[in-house]
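The structures come next, written out as structure tokens.
The two complexes that follow have subunit A in common; it is paired with subunit B in the first and with subunit C in the second.
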Partner chain A sequence: MDSVLLKQGAEAKLYSYDFYGRPCIIKERFKKSYRHPTLDVSLTSQRLKAEVRANLRCRMAGILTPTIFMVNFDNSSIYMQEIQDAITVREYIATIQEQHKDRAHANDLISPVAEVIGKTLSKMHANNIIHGDLTTSNMLLQGDPHDLKLVLIDFGLSSFEASAEDKGVDLYVLERAFLSSHPNTQELFDIILNSYQTTMKDKSAWKEVIAKLDEVRLRGRKRTMVG
Partner chain B sequence: MVIAIGFEGSANKLGIGIVKDGVVLSNPRHTYITPPGQGFLPKDTAKHHREHALDILQQALEEANVKPEQIDVVCYTKGPGMGAPLVSTALVARTVAQLWNKPIVAVNHCIDIEMGRLITGAQNPTVLYVSGGNTQVIAYSERCYRIFGETIDIAVGNCLDRFARVLKLSNDPSPGYNIEQLAKRGSKFLEMPYAVKGMDVSFSGLLSYIEEKAPSLIASNEYTPEDLCFSLQETVFAMLIEITERAMAHCNSEEVLIVGGVGCEYRFIPLLVISTSANGVLMFYCLLYIRFCIDNGAMIAQAGWEMYRSGAVTPLEETSCTQRYRTDEVEVTWRN
Partner chain C sequence: MAAHRKIKHTIYNDSTITFALFVNLESCKNIRKCVMNGTVEASLLKSSMIIDPFQVLVAANKAVHLYKSNSMMTKNVHSEILFCLSPSKNISESFRAFGAADSDTSVFVAIVNDTEDKTLAKVSEILGHQPVPLEGVSSLGDIKLITKAYKLTDEELSHFPMLDALVSRIAAKEIITAGKGRI
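Showing the complex of A and B:
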């Protein structure tokens, strides 16, 4: 079977493919001609490796991610399981908000998903996995959204760090993406942080991460901006 | 018909511009240039602004061929920026507003995006705002310019300027310009820390790295200063284009607008064209007019004019300055 182009993203093309009878997505990172070739080769291979590694580590930690079937280094492609019957958390939130104009009610309906996001991220950070690009577009809900089967994808910017700084920045990135894609959802993000906190077994580690999150927020807020 | 005069002095440039219904009538500017290896200090910059304010004002009025009584509104930069230069420029604006008996409008410097929209005709662009103190990717949604990505530490211009100081490059006309000139002759690429975090970037690690490495790399003849400027520029610009692309994908936007002092560095233009065409994005705008890209009075006049038309006037007792003023703190009353 031939591969069919599904989507062209900012740095990769996604193809749909049949991998020995399994529905498969090929994620092919393409060359960015605006980057210096040395930089481009290095970033592409770093991200390919990071993606595969973090994907596996997450699975070992019990977090749902697409199964990786094969990696082709020559054309920077990852062959992975296609998560069928899934929508992104972004679409899910937008749909609920569309259907229920009463904001408090909509937030109530979404809150179980926010809770599972917090729980999942807490587990991920407890295993020192930094996603690097947390957005609601990079989280899928598989099957019936009420089953709360949250699948994380897009680990290209991921890394393995034990430091509170990196975890704090990871949450900060999510906070910014969350609030900018879904206006008026501060309460939902607070639910995410709350559930992140209650899941984290090591309370002192949690405090440190939140302290860093506050610090990183202030870096943006208080920065003097001259020029 | 509305004629607006704008006063901008948030950093080392003092600019006064006059805009009449979206047409720039005059836009003179004077830049405070410091010796190589030095940045500009608030006190000295404010002194520079005070010394040149009246001459520039005179020049603006003469070039525009406008008399003070024809002006409808006085606009000035409220912030963000350096305190002393902001205050000294605001003082001039307040004084003329009272002398001429005109309303006054305080403008957030970051809303200069309006100027870019005016010049390029872009309708709803994703904006990459890059200057000495700002690095933000901005898009408009629900009555606010929202910041989708930004630097989590220092600004890109600050990073380039500080590296220029390490190399003792001239500050005339600007350190960034001189880095760019050296970069054109560089060829050997040095890989440096590349920090993109979601739609945010970080430059401080990169700066520490190159500040520390540069002296020994140059002394050992491994890399020339030209190579280092080239590598630094390639790296930071690749980071910026990447977050811009991400934000565009995120907002389904097909237009890019680049504003700010660093935006006038030519390297961006071919980079963005290539990048956008590779992604099937057809529309493309860029602020090519260097004179409108660097801090200037006309952009403040333009933003103030938009605010004034929608009914915003700042009471005199509120015409203060603030060093910290976020783009997303301003409610946009003049766009739907």
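Showing the complex of A and C:
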């Protein structure tokens, strides 16, 4: 059975594969020769485990993620279900914006997707899962985009934290990625935040996260280490 | 004898995995004895804990991989299949929950590297039965028992097929059960 290289990222290579008749993606984290070997081994294995762990925790919370078929620690690769007939949210937004030059109209068309993003992230944070690398490229729409089947991928930088700080940073990372990949979409991001809020059952937790988001917006992702 | 299935391992082309399902048995007592004393090398799986052959395939695929990379938790590849299939990290508990019992009237058999199907023939002979199509296992699976053993949540089952939920857990077992024992 042959594997076909699909994509090469900074962290890993993605191959398309057939796992006993099931369409599969192999994500192989390769060695980075510029890193100290001990650090490299430790980081690679940490991220592999973090990815698998967060994927499963999300599924248990009812958030769609690819099914894991196999984990190979020998070459740090994960065999997972290929989400077929899917496009990234990034592609989707770009396509709609391309087709509809009227900005308000385009945003109207995209707003259901923004809502489901907010809802999904709210559910994820309610379960104390921090994605760590939220971008519109790490969200897939499976099938017809109107079905709003949002699949989250790429949990390599994920962690489990209950703090409002980490959730605020998670949203901040998305905001920066969102606004830089998609021009003129502040309104859409506001829809995400709004739907995040409506879904969150614990209203005081929501306020805390948003207060943190405002704080992080002023200072950037990294906390000041003074004092 | 076409009811059994022999599959090449996805990574190790020199390894095969054979599956066979036997039903309407009087008991599994004799075959269990043969496996315990080593005259038959096979994995005897409790059919009520299986909903699809793919569930066992993911466990067997993993067991062979661990065998090849010298990182098995149990003493041979056949017991490793049993252990891989179980979500528990306790070996004897896994054997109790996922291994066939003497009183079982059906059994799902997995055999690694069965040259010329000799072991399968021996198993059939001891059981006095021929294997039946593997897909029959889906009607033998006890959904309630499986849900409980793998701790599947309602949230999860409302969004995913049960098979995918099981497969993910089997593949990721050592990662999710590490540490404090919770995912």
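A few comments on the model shown:
Following the convention adopted for this analysis, the second predicted complex is superposed on the first by the 219 of 227 C-alpha atoms of A that agree within 3 Å, B and C clash if a C-alpha of one lies under 4 Å from a C-alpha of the other, contacts with A are read in each partner's own complex, and residues count from 1 in each chain.
Assume a residue touches a chain if its C-beta (ideal position, glycine included) is under 8 Å from a C-beta of that chain, and two chains touch if they have at least 3 such contacts.
Remember, it's a predicted structure, so these values are computed and weren't measured experimentally.
Note on subunit A: of its two partners subunit C and subunit B, the one contacting more of its residues is B. Of the two partner chains placed by the overlay, only subunit C lies in contact with A:Met70; subunit B stays clear of it. Looking at the shared chain after the overlay, A:Met60 reaches subunit C, while subunit B stays out of its contact range.
Looking at the shared chain after the overlay, A:Lys13 reaches neither subunit B nor subunit C.
Applying the stated contact rule after C-alpha superposition, one finds that A:Val216 touches subunit B and leaves subunit C untouched.
By the touch criterion stated above, A:His100 is placed in contact with neither subunit B nor subunit C. Judged by the touch definition given at the top, the superposed model places A:Leu39 against subunit B, while subunit C stays out of reach. Considering their complex, residues 10-12, 80-82, 109-110, 131-134, 141-142, 146-150, 152-153, 155, 157, 189, 191, 194, 196-200, 231, 234-235, 238, 241-242, 245-246, 248-250, 260-261, 270-272, 274-275, 278-280, 295, 323-326 of subunit B touch subunit A.
Only residues 8-11, 30, 32-36, 38-39, 42-43, 132-135, 137, 157, 169-170, 172-174, 176-177, 180-181, 183, 216, 219-227 of subunit A touch subunit B when the two sit together in their complex. Those residues of subunit A that touch subunit C in the shared complex are 1, 19-20, 22, 49, 52-53, 55-57, 59-64, 67-74, 79, 81.
Listing the residues of subunit C that touch subunit A in their complex gives 7, 10-11, 54, 57-58, 61-62, 65, 69, 71, 153, 155-156, 158-160, 164-165, 167-169, 171-172, 175-176, 178, 183.
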